[in-house]
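Note that subunit A is present in both complexes that follow, paired respectively with subunit B and with subunit C.
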Partner chain A sequence: MRDNYKGYLFILPAFLMLVLILGFPAVAAVLQSFNLMWVSKPAFTVGAYQALAQDPEFLRSLLNTVLFVTVVVSSHLAIGLGVALLLNMDIRFKWLWRVVAILPWTMPDVIGGLVWRFMFDTLPGIVNSLLLRTGLSTEPIDWLGRPDLAFAAVMLAESWRGYPYAMLILLAGLQAIPRQQYEAAELDGCSAFQKFLYVTMPNLKHMFIIALVLDTIWESRLFGMVYSMTGGGPGYSTQILTLLSYKQYFQFFNISYGAAMAVVLATVLFFISLPYLRMSMRQRI
Partner chain B sequence: MSDKFIKGLSRAAAAVSFGCVLAAGVAPAAAADVTITYSDWQLAQDIWGKSLKEAFAEFEKQNPGIKVATEPVALAQRDVKFTTAIRAGAGPDVFALDMNPVKQYIAEGWVKDLTPFIEKEGGKKFLDDFYARSTGPLTEAGKTYGVPKNIVAMVLVYNEAMFKEAGIQKVPETWDDFRAAMKTLTKSTKAGGPVDQWGWTIVAAKAGFDLRFSVILRGFGGDFLTPDGKKSALDSPAAKEAFKYVVDMIQNDKTMPPGVAQVDANGARRMLANKQIAVKIGTTWSLPEVSGMNPALDGWKVLKMAHIPQKTVDGSSVRSTLYQKSLFMNPNTKNPEAAWKLIKFMTEAKQMQRWFDDNNMLSARKSVNETYKPIAESPFAVTVAKEIDRAAFLPLTPKWPEILETFRVNLQDAIAKSKSPEEALANAHNQVNAILARP
Partner chain C sequence: MRKPASVWIFIYGALAVMFVYNLLPFFWMVISSFKSEMEATLFPATLLPDVFTTEAYEKMWLQEGFLLYFKNSLIVSLSTAVLSSLVGIFAGYGFSRFRFRGRLTLMTLFLATQMIPGVLLVGPYFKMLTIFNMYDTLSGLILAQTSITLPFSVWMIKGYMDTVPIEIDQAAEVDGASRLQTMFLCIVPLVLPGLVATMIFAFLLSWGDLLWALCLISDPNKQTMTLGVTQLVGQFRVFWSEIMAATVIASVIPATLYLLLQRYLVQGFTEAAVKE
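For the complex of A and B:
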């Protein structure tokens, strides 16, 4: 029993560090959202939350976030699965392809955003340059200046940058599937597609859920890529919740309002993460 | 190695150490015992950064007990970094701000009251040499929170060679003439090729938007807010005309390069440097910056400056916007006296001359602008200095950053054809009024 206490003492510094780094900002955000911290006249109010419900900019950003996360996470799972299947095959220089496949994920999102921004630039951008040279377009396309195209461009860029995360999870899942299951399927005369459908997919179910939940959380709190690529524009067309919260908090100094947005987003993400937490708990038991 | 040798070495080391301790006790305190941190977005720029660092070296020479540590910050991140640090009890001792967020910094207590320091320097006498319009906005309820460093007004910066080549002999003074001139300048430089030269561009991205669009609004006789600053003035006929004028030139005339929604101040400079456009809205700083981007342009020779066009030649009295950079002290500073010395040094007449010599920036001190020969002899400085009298600051309200962004986003909506110009401006007007109505 005494040894157990010693164990707790050993992890105490790390625990305190976590409380400081993770806990303090979370508590601070909640207090700020109720106008209780870092404001000139602290007084408890739920005004920021009431205002959120009536703010069309907030609702538009929420909708943008849902659309963005749905499209980007779906594309991550689709591209991630495809690349994971390829990398799980017996191919030459497998290690090299794995390094190449993971490269987008190693790029900081702000840098990734800037690279894509330059690529989509109207005048010197490589995308327009190619289109003009090949005759596919007769004049430069304003990729980041048209709301529909700008949102599509941002989603494309983030689909590229973030897919290796899902790919790694799914590749780990693929490698854990017992070889015997495929051999048994082959003996039963299954085609490659049937093996994929009846052996691979059921075995990947848990990994899919993990990738889906973690990637949804990751993409919902994405900031740098969109900020550096479009800054939320043109207009409000690519403004997602994290950008709006940042704008309110740091640019307009509406501290309570910006913090309330962050708290709402964190609460939604907590509920999204519940299936993953339940799964993790079950595995521990 | 013998014990004797080791003992001898130990004794020698002990003697040297003792000597050092004695020397430290007897000698005067070490010279550099205070370090002041200075943060400024222009530290990251080649020309400004060099000039500022040379000034700090001179300051350190004059003040042997004080060292200056520089903390460059990106303009877009400046307020995030400063306000977060100051609220957490940290941040740079001295920092620079333009006028946009000043009222917010004062209202939130993020800048130190400099009145006691100024009083020690002679109070009114110390401030007398600065333009009253420069010190006024830095004062709140009789307390002065900053010292102005540079002030300029926005003007047209144009490539005279491109004007001549297009057969335009006179710089347009009215918006109608300006529109016609921009159409003439927009063309293909290769026979039969696509358009690769445009008349001008506005800045519709965040960085630099405030100073550029505002002069068009003012040149038409409009403004963002009513004179008392309590209501939006975006429903005025002048504001409507200015807004539609810009959107029409983008969508119908196509006298600006495509992708204008993404063009920031640097983007516009680059286009002027590469002769993709012939005109941009800028000021004295445009010369070194544009010339630096493309030395082959020979910017100091081909670029010229003129006042902002107006609706009629004798139009509104205010037709331009003032830009001012001022220095502030962090309320958390542990070394207020040393920080004040740095602020005083950076804003003294001699340094103001340096800012003009190195960066072509006019001074917030009247005496420097009026008596310093290189300023009097510079046609650029003369044009800009004249405009200072016909320019005004952007609205000085703590809500200004939010008002400006609201307006900019609606303009982008109109440019992107998500809304008609009338709808976008009406939307901006209502949103600005809602912001102003909030407590």
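For the complex of A and C:
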């Protein structure tokens, strides 16, 4: 059709909204991090970034974020792949298993944080109660009060809540694999494991990358669960970048400092999402 | 292909493990919400309430203003869902039906906005709202959440519209319909299930948000559900049975929506996120 220019008009409202509400604040945040916007005397400085490099709390949060995202995303992919393989088989009551498999993801992360906080509560929590009742432990463990255990508990909670997302993407990938490939492999005498290795995995690679990138971005942006489960404590032990940036900006009013942190996070996420964006440019998603 | 019995035992065993793993937190949440305030503090905890009571729910609804939070959350999430789908229909149609210069770049740009972390945006956006006198209003919050859900909505709706044959547009054009008429009268009715899925997804994203509500709302009467629940913990001694009642209430709507529409949602979601 000849009226292709009209396409711009259809996209205009959405485009304007994104420029105004996402684009402008993003630019403003960068300017704020250099002390150039909404200050009485704008003067370019990289002071906020220099301070970041020497701030142990920031470096700890950065390390925490990397560790958290690595562990949580790996567990999501592992559990997600396992459950996706199960759901892709000829099992009975498939819809029921599928519903149960998606359920954790339906819980808002803030709410999930609260539920897990109660589960790990020292006295009336179910974890300690079960440990005591089964005789595995004789006295209550202060899960969320000890730095190492608190970090592990938060990672466990988010591993639980977020994996159905990766599972759904991988399941879609599994269902798209042509049956003929498996039949051909069987004719060649492949075992079940060989079929998995030589048919399933290569076909799944594309989806795997998508799940990896998208989940990494989701988990790096996570805020509500840590906020409600530990608030970053004890000490800085479960502090992640989003939480620290929020605190600096909205609680301590270190505007350019909080903004600089968010800029660092956004830059990292941009590079992580590049393979995904490249797929989009090649029309592969 | 037939599998030996031992393989099936392993498969159903693994499914059973998944079942327990996924449901344990839900079980604990629901069970605890029906305990009395006293019983919820016992150690070791009772696995089933000795006395079933709904007192936590009654307190929640009547005393803590949760009716208001619930209403606010509904207003914000519904408006977000409607607005982002409405704007999304236009953009989705534009991307699906027109071949203009820079189309792919623009689509990728839309996708890229999803990668921006909220903490980067919320500070300057807060400042913008105070300048326009919209801080501490539900409309300011709705506007923010709409822009966050918008890119996803556009991609989902575009994916659904791509499945409708272009011949329908051509037939409508021959009949003298304008582009707008074609879109609303011919295409939208055909992608209605997908549109519903898109709206539900936007609704759920908005319903689960904490960061934006936390930074943009200070009036207790305008708090959303998620914000209200977190404030409950900090305020006084932790009353777990009440908090669990609140979390049950906050999880019921998303869980129900997912379960009712899971087929559409899963289909639409995977189509938008991944297309071979």
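Throughout what follows, the second predicted complex is superposed on the first by the 275 of 285 C-alpha atoms of A that agree within 3 Å, B and C clash if a C-alpha of one lies under 4 Å from a C-alpha of the other, contacts with A are read in each partner's own complex, and residues count from 1 in each chain.
Please note the rule applied: contacts are C-beta pairs under 8 Å (C-beta built on N, C-alpha and C of every residue); 3 or more make two chains touch, one makes a residue touch a chain.
On a predicted model such as this, the values are computed, not experimentally measured, just so you know.
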So, after the overlay on subunit A, do subunit B and subunit C clash or fit? They clash
**Prompt:** What is the contact status of A:S237 with respect to subunit B (first) and subunit C (second): first, second, both, or neither?
**Reply:** first
Considering only touches as defined above, state whether A:R146 meets subunit B (first), subunit C (second), both or neither. first
* After lining up the shared chain so the two structures overlap, which partner does A:K247 touch, if you call subunit B first and subunit C second: first, second, both or neither? -> first
Worksheet item: First (subunit B), second (subunit C), both or neither: which does A:A43 touch?
Response: neither
Worksheet item: Between subunit B (first) and subunit C (second), which does A:L187 come into contact with in this model arrangement: first, second, both, or neither?
Response: neither
(message) One more residue to check, A:L269. First (subunit B), second (subunit C), both or neither?
(response) second
_Touching partner for A:F15 - first (subunit B), second (subunit C), both, neither_ = second
Max touched-residue count on subunit A (subunit B vs subunit C) belongs to chain C
Margin query: Taking the superposition on A as described, I'd like to know which of subunit B and subunit C A:A53 touches: first, second, both or neither.
Written below: neither
The intersection of the subunit A residues contacting subunit B with those contacting subunit C is 38, 117, 121, 123, 132, 140, 250
Interface with subunit C, subunit A side, in the complex: residues 1, 3-11, 13-15, 17-18, 20-26, 28-29, 32, 37-38, 82-83, 86, 89, 91, 97-112, 114-119, 121, 123-126, 128-129, 132-133, 140, 160, 168-169, 171-173, 176, 186, 206-207, 210, 214, 217, 220-221, 223-224, 227-228, 241-242, 245-246, 249-250, 255, 258-259, 261-263, 265-266, 269-270, 272-273, 276-277, 280-281, 283-285
Listed in rising order, the residues of subunit C that touch subunit A in the complex are 1, 11-12, 14-15, 18-19, 21-26, 28-29, 32, 40-45, 47, 87-88, 90-91, 93-95, 97-100, 103-108, 110-128, 143-144, 146-148, 150-151, 154, 169-170, 173, 179, 204, 207-211, 214-215, 226, 229-230, 233, 240, 243-244, 247, 250-251, 254-255, 257-259, 262, 266, 269-270, 273-276
Given the complex, residues on subunit B that touch subunit A span 79-80, 83-84, 87, 104, 107-109, 194, 205-206, 257-262, 276, 398-399, 401-402, 405, 409-410, 412-413, 415-416, 418-419
Seen from subunit A, its contact residues with subunit B in the complex are 38, 40, 117, 121-123, 132, 138-140, 142, 144-147, 230-231, 233-237, 247, 250-254
